[in-house]
């Protein structure tokens, strides 16, 4: 059985997600990408809660996020967020989120998270343990450009 | 110096608070009442964090909230939430929030919170300690009807 | 075939819906009830957009909402909002929302909306047309008490 | 009198803005940057509503946003969003938002918006009119790197 490297998260745009122009208020795209990120780690069997217990980390703190908006979305649009791991460095992971309405890409986002330990209340980035890197590497795919 | 029994919390309605009709998406009124509630307890010098430390409670769990909507609000409206304590029972507190735009009342809300301890992971309501009741009683005013 | 009078709306509690206590920040329950309300009218084939076109109304302005909170909800909880029409007056409709996690009722909410026309920029309540009343009456059920 | 090129928008982090870690749920930073953007155009006397009336545009559609997160923020933090115009191209404007808690930069964001007309329901980018470019150029400052 081949490994599923891109994980899908489905949602419906609701009335309260839209602004006075009748289109999605853009911070909601980030909320959906965050939902998709939690779902991603869970679906590849590396849920954040499991990683926290195993490696004494406190979540995967966010370093950078971005999004390119390609098509406005409206109430009742059904969107699919397709999430993939596209980069692993010594202490960071980069996820790409491609959000589609049917076959149209409406938004392309990315987030970089760091592997970090809490030390005296401060967040200190750490090298990702080798065994973790090994697991994540199996899911790594090439970042798509738009 | 007389005691200030009604505490004001000011806010500006923003674009992202409004729905496709161009008016406030109503759950935001509840968010603002919640902001006003935290502000209320702090301003009467009984911040939730202080009460948690002194009495081993975990916040003041919410039992009931309601709101009556009298006038639609739009982007750039300046609103004042006027919060008062209007009822104290053996184990509950009731706050009333009157939200005004200049002299117009746009929304009247209320929330009932319980005094509760955590016991084996369950929330159990408890009698409000007498000393706490005594302090809160000084701020008690009559609920306004609209 | 019997008429489906209670309409279900399903959702998953996400990380970003929760507050520092790790439980749902309560205004989100109202957002979900609003989502469920749009879904309700659509599913009984009386979508708000259709009613707007047929009767020259501007939505169904909200008069009052309330909610009783019975059990805290956490990330990954699957919730079902069960929405029913429980009261029709001359110019208002009342919906009840019962929110369940499996067989546990976690929240019971209600909303009263008015039938209104826009007249010179002002919202004026109107008698619900008889044909509309007749349709809605078929869906009317008794409000549940908790 | 010298021209004020960087516009400040002040806010307080509230309980409901924070996630189960007790820190700001990151999409809220984008909401605050959006609030600051509306405020920016208004304060330089080029409010979006005015531009819409004068030039038959429909807002300034968003093309790209990003943010770098430097320090976690908590309830009751007072934040200042400092917004500046940092780039003007033929049909786009780029704003940079530097968010500070006292003297600490907690987040650096940017947004690129396009000058566009609505044509048969489609958004078509257009050259920014020269008179508009001229006004905006007076506010242009160099993008800061972090």
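A, B, C and D are the chain letters, set down in written order, and residue numbers restart from 1 in every chain.
Assume contacts are C-beta pairs under 8 Å (C-beta built on N, C-alpha and C of every residue); 3 or more make two chains touch, one makes a residue touch a chain.
Nothing here was measured: the structure is a model prediction, and the numbers come from that model.
Taking the definition of touch as given, a chain qualifies here only if it contacts chain C and chain D alike; those chains are A, B.
The chains in contact with chain A as well as with chain B are C, D.
Farthest chain from chain A, judged by C-alpha centroids: B.
Centre-to-centre spacing of chain B and chain D amounts to 32 Å, using the average Cα coordinate of each chain. Centre to centre, using the average C-alpha position, chain A and chain D are separated by 24 Å. Shared interface positions of chain A, defined as residues touching 2 or more other chains, are 15-16, 21, 25, 27, 31, 34, 75.
Residues of chain C touching chain B in their complex: 21, 25-28, 30-31, 34, 58-59, 61-69, 72, 123.
Interface of chain C with chain A (complex): residues 14-16, 31, 34-35, 38, 75.
Every residue of chain A that touches chain B in the complex is listed here, in rising order: 15-16, 18-22, 25, 27, 75.
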